[in-house]
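Listed next: structures, encoded as structure tokens.
Two complexes follow with subunit A in common, the first pairing it with subunit B and the second with subunit C.
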Partner chain A sequence: MEQFEMLKTWAETNVESVMFYILATISIPLAYGVILDRAIIRSGFILIGVFGSICGLFLLLQAQFLALAQLMIYAVGITLVIVIALMLTNPRMERTQLSTAAPANQLGAFMVAVGLFMTIYLSVRPENWTLSSEPLDSANVEVLGRALTTDYSLPFEFASVLLLAALIGAVMLAKAEKPPKPGEDDYEYSVVDDGPTAGDARPDKEPVASGR
Partner chain B sequence: MRNGAEILKLGTLTITWWCIIFGAVWIACYLVGVALPMMLSSYDSDAARMTAETLKALTPILSVLVFIPINAMFMVLIERRALAIFTVRLGPNRVGPDGYLQTAADAVKLLFKEDITPHGADAFMFTLAPIVFFAPSIFGAMPLLAAVTNYHELFQIVNLPTGIFFILAASSVPVVGIVMGGWASNNKYSLVGGLRSAAQAISYEIPLVLSLVTICLLAGSLDVVQIAKQQSGGILNWNILGGGALRGLDAALALKFSNSAPALQELSEKSFDQVLKSSYVEPTMAALGLSAGQESMAGIIAVVAVLVLIAATFIAYGLYMTGACAEINRIPFDLPEAESELVSGYNTEYSGIKFAIFFLAEFTNLFIVASIAAVMFLGGGDCPVPAWLGTMLGGPQLASVINQALTPLIQIKLVDPPTLFAAIWVILKVYSIVFFAVLIRGTLPRFRIDQLMDFGWKRLIPLSLIVFLLVVFAREFVNVHVGS
Partner chain C sequence: MTSSTAKATQDRTQAVFYAIAYAVATMFVVGAYATGSLDNFVQYAGLAPILESWQLKDYTELLAFILIVLLGSTVALLGGQTSIIMAVGTVGSFFALTFNQHPLIQYLTLAAVLFAIGLYGMVVSRNAVRVLMSIELMLNAVNINLVAFARYVDPVQVKGQLFAIFVITVAAAEAAVGLAIVLSIYRNTSTVDMERFNLLKW
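Up next, the complex of A and B:
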């Protein structure tokens, strides 16, 4: 019985920090992997692992909703990023072609990194936060939902307008079709073997919409 | 009815396999969750107590691990046999008695095949892909276990206050596995299959989630156990029929036909009309601020709102089934593995046990989406016959006879009647939906990729938004599940 009680008290005080260190030892090497891996697609998949372990950290903080949103949005979002990376690059070739950046660029990148780190550190250092030992309400999703639709409805709406603008902008960029100049092959059609009549309007050969 | 004999054989096969699957799961759960802890409780030591608690906590995981392989075998078999009937063939009927062991033989064959990694493939990613595809479907379905077993004490541990959100989050991960497998295979067909699956999953996730959000709005909860519990008491309370909008009608009918039911004592002073009035006219009048003389107008508005709710939830069910079909890559949405165009897409290069895992996950996913539909729309473990009609038809007597017959089993805790009845109804509902999916597979041809995108973005998403808005407004005039 004594042993059991001891184990119980140990678990109650320490299990959270043990879990934290496990998740941290998973997420930090994965985060390094994202920037060090030469194949861009692989970095993308490793990034999903990073977000997965951050989801675990949120669960440790009892922020269930945030953790699940993290998983749901980033798992699908990063898949999209990977798909775009696949479409824009030729990842298999790149593995051998990548070379180290010039020293001047390295210095600039280092400065940016230090600046970014300082900014984030100054904003999240513990002095600025009031800590509370109160247990979290079990219905914290409800509280979150109520806050988002009452007190914070204006920022919420602003965020959605921003996203809408980004969406419309993306559609506009993707749809921007330049009228082909006379005498110049329309690059969209040039893949198809058009023969001598290239540049003619051919309604039966419209560019196929990409699958997104 | 020339193929009546074949249909009868299909029925026997189904029932035999159900007995095998659920017998195995039931006995495994009993041994680990009840019998071993009871044996251990006779020893008074810390180690015994801890082992017993650990075993109890592991029961849900064990039940799933026992269930998934056997169930996948059964589902492949029933799919092949049913498709054979739809296309006027015989189907597999050689291995074992009448082909019962065909898929078991297939599974053994797959496990002993050589596991090939193609030249130039990314070996690590190639191995990881089936795992990423399969694992989320196991842990994502966990909260459902609590709902389908009628909140049995062994399964309470897997319930979450954000249940349905957790299920949706977990079910959005497998697409990563498909893209990963497609890219790592070093094969152009696989890559195209993976990219198609990403596009398809992202497009069809929106109507799927919106239809479930509509139901959560009517239920006022994300907790699957609570959503299943709200719908108890017959088909009129199910979410597919207005999300509780017909509860007043149910109460009134119960009063009219069996006012002797003990549960309805407090209603027995009121008449049929009064119950209807208090559950439909009064909330509408309160919502619109009407005065006492405008009751007929309030009644008309209430009826319209109820009809709108029923139509909306019915459409939401259709949207959910369509979106789910696309999410799990079933015909008519199986473009990621379209074998006539892409030689089977993302799993072209897979063989042996990795292919078996992809295969297993596909059928498990079908089962999981069917059980989500059963819990969210079709009342979970609830009997479709309304409670008052069941009382009239002698339901309680039947239940007591069954309880009497099962008494020895109940005493050794092998059977828990509420869990047993809930499980039987869930099994019937879920496999009906699975059978429907097989029927769809035998009926509809595959979409073309641009038709698929058009259908998703131009039809389903606007429709799901319209349904959502209709429900938001219509529920103001009627008492629905929320708040009860």
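Up next, the complex of A and C:
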């Protein structure tokens, strides 16, 4: 019983630790749900939960700006893009055929993952970190903004150029190609007897470009 | 027909039962470590000199971790449900490994767990979109590392948070381009199976 009392006083003095353990206990099973759930559309939505709990961890670490950015970019933006991509690529197929890899591959992947975790843990565990005991400035957003516009302005500009290029490239890649007109001579049809409906809607009947 | 479905239901019930039993056992191991009973057991059973000879004297939590992993693989071999067993074992060993540590090490261990889960998912899953999700998970684990370092090692200049901002930017670009590539591959081959992406095979 006195151990429970001990635990209670510990919890009362370490609210931050308790919150950390709650968020970790939420995020680890949700991460498993992302990679193991049979219906992949559901794992797309579980991903929002993982990102939300990581947002809570950022708040615990007093990184308010990053917590908000995490919520806006990951939990809304990237998850939305992933769900739309799932809807466009027929997720129903996975339920029957391609749930997971072969058991031997799974075992090997599990061994590799546990080995990687143990390596990281054993290298992180020794207590010779040069820790700083100063509290984090509550106005660290100001520090971040100052650094981004002075010392780190060049990487900042590069990041914006990278985002622009990546988004234009994504639009170019994902844009649906127009069905070619039957008269154009640099296309030949793999399905001969399909007539004028060759170009519409069915991806497996799409014309094959001959020049590639 | 009905007998086979009844047997399948019974198998599933048994698998879930094994998983719950494993959860209880894991709770006992973690509790034994947290209250110090495991340390007493190590002293009593004479394992302390062995640990000392391997320079692992303060690493009793590794014993709890190995115990949890061994229990988990045994239950999985007996026919328990693997996904529940993996989740329970991971949470239990995470508790055992971080219980008495500095907060920085707790955060780093959580990030390592998420990174390993992401790696496992990346190797195991055959859907290309799920592989991209696993990559997002790994990038998030790295972000946790960076923000934890900014909090506990460098709280004045918060360089870790700066790096995390750049990681988020690149992750957004990567997600957009990766999903566009998956879409265009799907349009050409009408599959998202990783093992059938052999377009470049000649």
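In the analysis below, the second predicted complex is superposed on the first by the 122 of 212 C-alpha atoms of A that agree within 3 Å, B and C clash if a C-alpha of one lies under 4 Å from a C-alpha of the other, contacts with A are read in each partner's own complex, and residues count from 1 in each chain.
Heads up, the rule we're going with is that contacts are C-beta pairs under 8 Å (C-beta built on N, C-alpha and C of every residue); 3 or more make two chains touch, one makes a residue touch a chain.
Just so you know, these numbers come straight off a predicted model, no measurement behind them.
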So, A:R42: does it touch subunit B (first), subunit C (second), both, or neither?
-> first
Is the number of subunit A residues in contact higher for subunit B or for subunit C?
-> C
Looking at the overlay, does A:T149 come into contact with subunit B only (first), subunit C only (second), both, or neither?
-> neither
Is A:I82 touching the first partner subunit B, the second partner subunit C, both, or neither of them?
-> both
Which partner does A:V112 contact after superposing on A: first (subunit B), second (subunit C), both, neither?
-> second
Have a look at where A:I120 lands relative to subunit B and subunit C in the superposition and call it first, second, both or neither.
-> second
Which holds for A:F65: it touches subunit B only (first), subunit C only (second), both, or neither?
-> both
May I ask you to decide whether A:Q3 touches subunit B, subunit C, both, or neither, giving the answer as first, second, both or neither?
-> both
Mind sorting out which residues of subunit A both subunit B and subunit C touch, each in its own complex?
-> 3, 65, 69, 78, 82, 86
The subunit A residues in contact with subunit B across the complex are 1, 3-4, 7, 39, 41-42, 45, 48, 64-65, 68-69, 71-72, 75-76, 78-80, 82-83, 86, 138-139, 141, 208-209, 211-212
Counting only contacts in the complex, subunit C reaches subunit A at residues 35, 59, 69, 83, 86-87, 90-91, 94-95, 97, 101-110, 112-121, 123-127, 129-130, 132-134, 136-137, 140, 143-144, 147-148, 150-159, 161-162, 164-166, 168-177, 179-184, 186-188, 190-193, 195
Sites on subunit A touched by subunit C in the complex = 3, 16-17, 20-21, 24-25, 27-29, 31-32, 34-36, 40, 43-44, 47, 50-51, 54, 57-58, 61-63, 65-66, 69-70, 73-74, 77-78, 81-82, 85-86, 88-91, 93-94, 97-101, 105-106, 108-110, 112-114, 116-117, 120-121, 124-125, 127, 129-132, 134-137, 140, 143-144, 147-148, 152, 155, 159, 162-163, 166-167, 169-174, 176-177, 203-204, 206
Residue ranges of subunit B in contact with subunit A within the complex | 46, 49-50, 122, 125, 160-162, 165-166, 168-170, 172-173, 175-176, 179-180, 183, 191, 195-196, 198-199, 201-202, 205, 222, 449-450, 453
